[in-house]
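Same chain, two partners: subunit A is paired with subunit B first, then with subunit C.
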Partner chain A sequence: MSDHAEISRLKMSYGWLSGLKSWWRMLVICLEERLAYRTDFALGTVMRFLPIVTQVFLWTAVFNASDRTDIAGYSRDNIVAYYLLAMITRAFSSMPGLAGGISRSIRDGSVKKYLIQPVDYIGFLLASRIAHKLVYYIVAMLPFVSVLFFCRSYFPPAPDGLTIAAYALSLVLSFLLGFFLEATLGMIAFWFLEVSSIIFAYMLFQYLLSGHMFPIDMLAGIPTGLAGVSLADVVRFLPFEYTAYFPAAVWLGKITGWELVAGLLIELTWLLVMIGVCRFVWWRGTKRYSGFGG
Partner chain B sequence: MGRYFKIFSTFARACLVRDMTFRANFLLECLTSLGWMSMNLAFYLLIFSFTPEIGRNSGWSREPFFAFVATGLIINSIVQTLFMPSASELTEMVRTGGLDSVLVRPLDAQFLLSMHRFDFSSMANGIVGVALLVWSTSRFSVAPPLIAWFLYPVLIACGVAILYGLIIMLAAATILMGRNQSLYDFWFYITNFSRYPAEIYAGPWGGPLRMVCTFVIPILLVVNVPAGTIARPLSGNAWGMIFLTCAAAIISVGLSRIVFQAALARYRSASS
Partner chain C sequence: MYNSSETKSDRVIEVNDLAKEYRVYDKPEGLWASVRGLFHRENRTIHALRGVNLSVGRGEFLAMLGPNGAGKTTFLKLLSGIITPTRGSASVLGHVPWDRADDFRRRFALVMGQKNQLWWDLPAAESFRLHQEIYRIEPVRFAQIHDELVDMLGVSRLLGQPVRELSLGERMKLELIAALLHEPEVLFLDEPTIGLDVVAQHTIHEFLRHVQKQRSVTVVLTTHYMKDVAALCERVVVVTEGSILYDGSLEQIVDRFTTHKVVTLDLEQPPAEGEIEKFGFSCEVRGPRVSLRIDRTRIADVLPKLLASQQVRDVSVEDVPLEEIVAGLFRGAASRRLHNDREQGASLV
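Take a look at the complex of A and B:
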């Protein structure tokens, strides 16, 4: 091997190691930042369970008044389990403050430091978000386990190993999909400085179309005007259901067999599309970005 | 008092000018706010496609329930317009030391911190709430009595006062904790309990929860009592609940004042 090739190899391995070190450093910084305000963080985590309580009582009241044993294929117990599972999915796919933070950094100019430093901004944000989630899971573990144990009677028997593996995969993909969806949204600020309304509008659609509000199956009876096509069929073409409905439905056994495989492949496709779109929007946005002042 | 009213109107004017400077954003905010509300209404319509009422023999069938929703919209839009934008800014003011500049001003700190910024786009929901109230009450089988229409705005004011007291106490928690980014979340989650009729909180867990949310944190009185006054006959314990709501409003505002002053006394500046 020539000296030149050896130097290149060393440079490459050093570059790889250096990149890994940067990621680790970013992760540690973000962990420290999150843990600096522990009380606020713990309070925010525990409070997320409050809406579930309301939903349990609401659906119990609905079932009591209607004498029905199931609604859109969901029993009362199924619905409670669904909301809890959707909440677990949202713990992976929700990205509080991500889009708003990106748009703010573009608006106030602080994004320019990432343009001159040898740090990949999207990579930094991803590391930061992983740190955020790690701290969240540590803090949320106890309340989550307690609530799930307390509500265990609402759940059907645990699915088989393969379904659990598919469920875990769908959760990881939902985290990445949620991240790239919201990161792309925040970068719209390169074109429109004030994007808070756009972010809110997105959150609104996300809440409705992801299945966070109610199982998407409940839309199956609503026609769209197209023969044989219900509103649920239209919603299933969009990426949102993978950020709440899909993993929950997988665990509850509503999606099985080839339908499950197809669902995972569609989720993966949406993720790859969003990675591409996010990178493209960043590239185009930084091309037109102008930073003034010191 | 006159001075405070003048300052209040100056703040309101300045915020309106700011909103009108970014008219497209203002319009978009109104639309998204209406979108959120429409989404919730669609959800309720979906629920009523599965059941004739919410809670067996609760009396909350479709039209009375929409009067309930309308009342919630009106109360929340008042709070969101007048108090929430200022309160949500407080968390960063405490963390960055910006609160210092408020404390040295020759004005009441609580007034300045809770009423210096307004969000006029939130009024859109209130307007729709009024329209929804008119629509739903016009479809009642028995029209609400005149006394109910007199009591309704008073009880709306009581509901707003209870929520204002809660906001101020949350703001006080911000001062004590140094940072409280969960303030807005907590607000959303706690007011979530008031979004549905109190009758849904039944059973071995619902009963105690209903008691706590009525007598300890009187969040269930905020919408339930004014909506119940207009949508249901003024009989049984209705008058008791009306008096309880008025008392809760007075206690909530008074207690929040005491808690806020105590929190300010313990405030340590974050700035150098």
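Take a look at the complex of A and C:
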């Protein structure tokens, strides 16, 4: 009996290990694929810095035009630091081409290969996205570091170790949350073949409510009609701000103590919910899939 | 059924009353119709498969023939678990395919002529290594099978080239290797020779025949090319309009669905007008070479008279070409549907 248990234990650990090995192989293969198109990649990376420059100019103009040194709790330096930090979060949480790629693979039938092979499509997509990000960070390291270096005077003194740890955690969670949000979005193609307008609508909300366009605490003054509840209070319970605003605000020391813990818990909860939703949508979608494209 | 003497355990594929319906929108032409389509859509049901029964034994090499849209690819998609049926059941290697259990997915492979499993921008060797991991193939066994397959198809110099740079034929060979690395017990091939030149077709025939014999893989192949069938398959299933029209051996098709033979004569001199026509029909006269068709039941009777009537240098008696028989089968099915003569259709199966 113990023999049998031993064998099944070995089998299980082998299964787990080889699952990890195949996942690692996928990661390596995706890395190689990413590196196949070097020019496109380098150009895409550099282009990402352009919007941030325009935003810095815009806010400089806003501060110059008014006499105030402080807008909704942000000084000019704060604002520049905020945008740079939000840009870093976006470097983790944004998933260019993920939803579109999934919907395309459903439309043209290339998703079939993942239905036939003993491989988990979502796990594969995650491996491929991690590879994507790793290559991106390597290429973007130099421009990122130099921009941050030139702008170092805008930043407040570095926070304490615990805050940095919370910041790092919120970044990792923002990557995973961004991934599962967009993966789910792409899988809507199982129901509606053309999802680009849905993706566009999502991007719009994402842009407004994530803190990508302006810091979310600027919404604290906007009432919702409910007594004592501002728009910022509502947004806090949506997933969007965790993909840009939240980590940046943590670094800047705007969210501390229990508020920080609560924020991390909300982010984690959204992540778990989205993992569940993504799996469910995949399960339902592949059930009704009709195998387009020959 | 065919080969019904075999025991139950030898049945690798069992299909009962398998049916698949698709609902499609009928999109009428014109702008106004498109605007109306926003609010109200006409649904139409397409019966891709209408209750198919089939049983395939271990090591069989089965070809599915049928015109475009007959349901061949739908059938393979169901058996490989890509789609779920509207009705009916199927079991492949003891699994329900559309449950997509990993245990099942490790034991079969599907190759589609127009779709690729290989990574487009990477050398095939990379895709093979990925397959080694996801199918959990032992390194030693992997090296052995890999080398053997690569050798057999003579593609070792292609392994390091990005797949996108290869020709269709080269890519197909590598696709087949990718599909066979994990030693599948069941292999589904959807038009594997589509668009290939004669040499590449021949290589792939040789390869498939060898692999199938050596490992007694069960193969189901769909194709439009009679060459594929003649070279590879003992058993043929003809599908039209989502139903099985014929299930049996290749020779039997000829026996069953031809009423005449093709006789070709080489004469000493061109025949006189109307000389040959009286012996048969569909006469073609090209100089001293004459071909005509003679009823099978009458051939023993007619042929001596024909030979006696002319000065004959050479003679051959052949079956009607397979292409023609199958085309006739397809046409027959279409016209039967037209006349809604269901009884005749059922009696054929």
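Just so it is clear, the second predicted complex is superposed on the first by the 284 of 294 C-alpha atoms of A that agree within 3 Å, B and C clash if a C-alpha of one lies under 4 Å from a C-alpha of the other, contacts with A are read in each partner's own complex, and residues count from 1 in each chain.
Please note the rule applied: a contact is a pair of C-beta atoms (placed from the backbone, for glycine too) under 8 Å apart; a residue touches a chain by one contact, two chains touch by 3 or more.
All of these numbers come straight from a predicted model, not from anything done at the bench.
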item	value
Chain touching more of subunit A, residue-wise (subunit B, subunit C)	B
First, second, both or neither for A:109, with subunit B first and subunit C second	second
Touching partner for A:65 - first (subunit B), second (subunit C), both, neither	first
Which of subunit B and subunit C A:198 touches, first, second, both or neither	first
First (subunit B), second (subunit C), both or neither touched by A:287	second
Contacts of A:50 with subunit B and subunit C, given as first, second, both or neither	first
Subunit B versus subunit C as contact partner of A:208, first or second or both or neither	first
Contact residues common to both interfaces of subunit A (with subunit B and with subunit C)	37
Subunit C residues within the subunit A interface of the complex	22, 73-74, 77, 80-84, 100, 102, 105-106, 109-110, 112, 114-115, 117, 119, 121-122, 126-127, 129-136, 162
Subunit A contact footprint on subunit B (complex, rising order)	22, 25, 28-29, 31-32, 35-36, 39, 42-43, 46-47, 49-56, 58, 177-182, 185-186, 189-190, 192-193, 195-196, 199-203, 206, 209
Interface residues, subunit A side, partner subunit C - complex	18, 21-22, 24-26, 29, 32-33, 36-37, 109-110, 112-113, 115-119, 286-291, 293-294
Subunit B-facing residues of subunit A, complex	37, 39-40, 43-44, 47-48, 50-51, 53-54, 57-58, 60-66, 68, 71, 194, 196-198, 200-201, 204, 207-208, 213-214, 218, 221
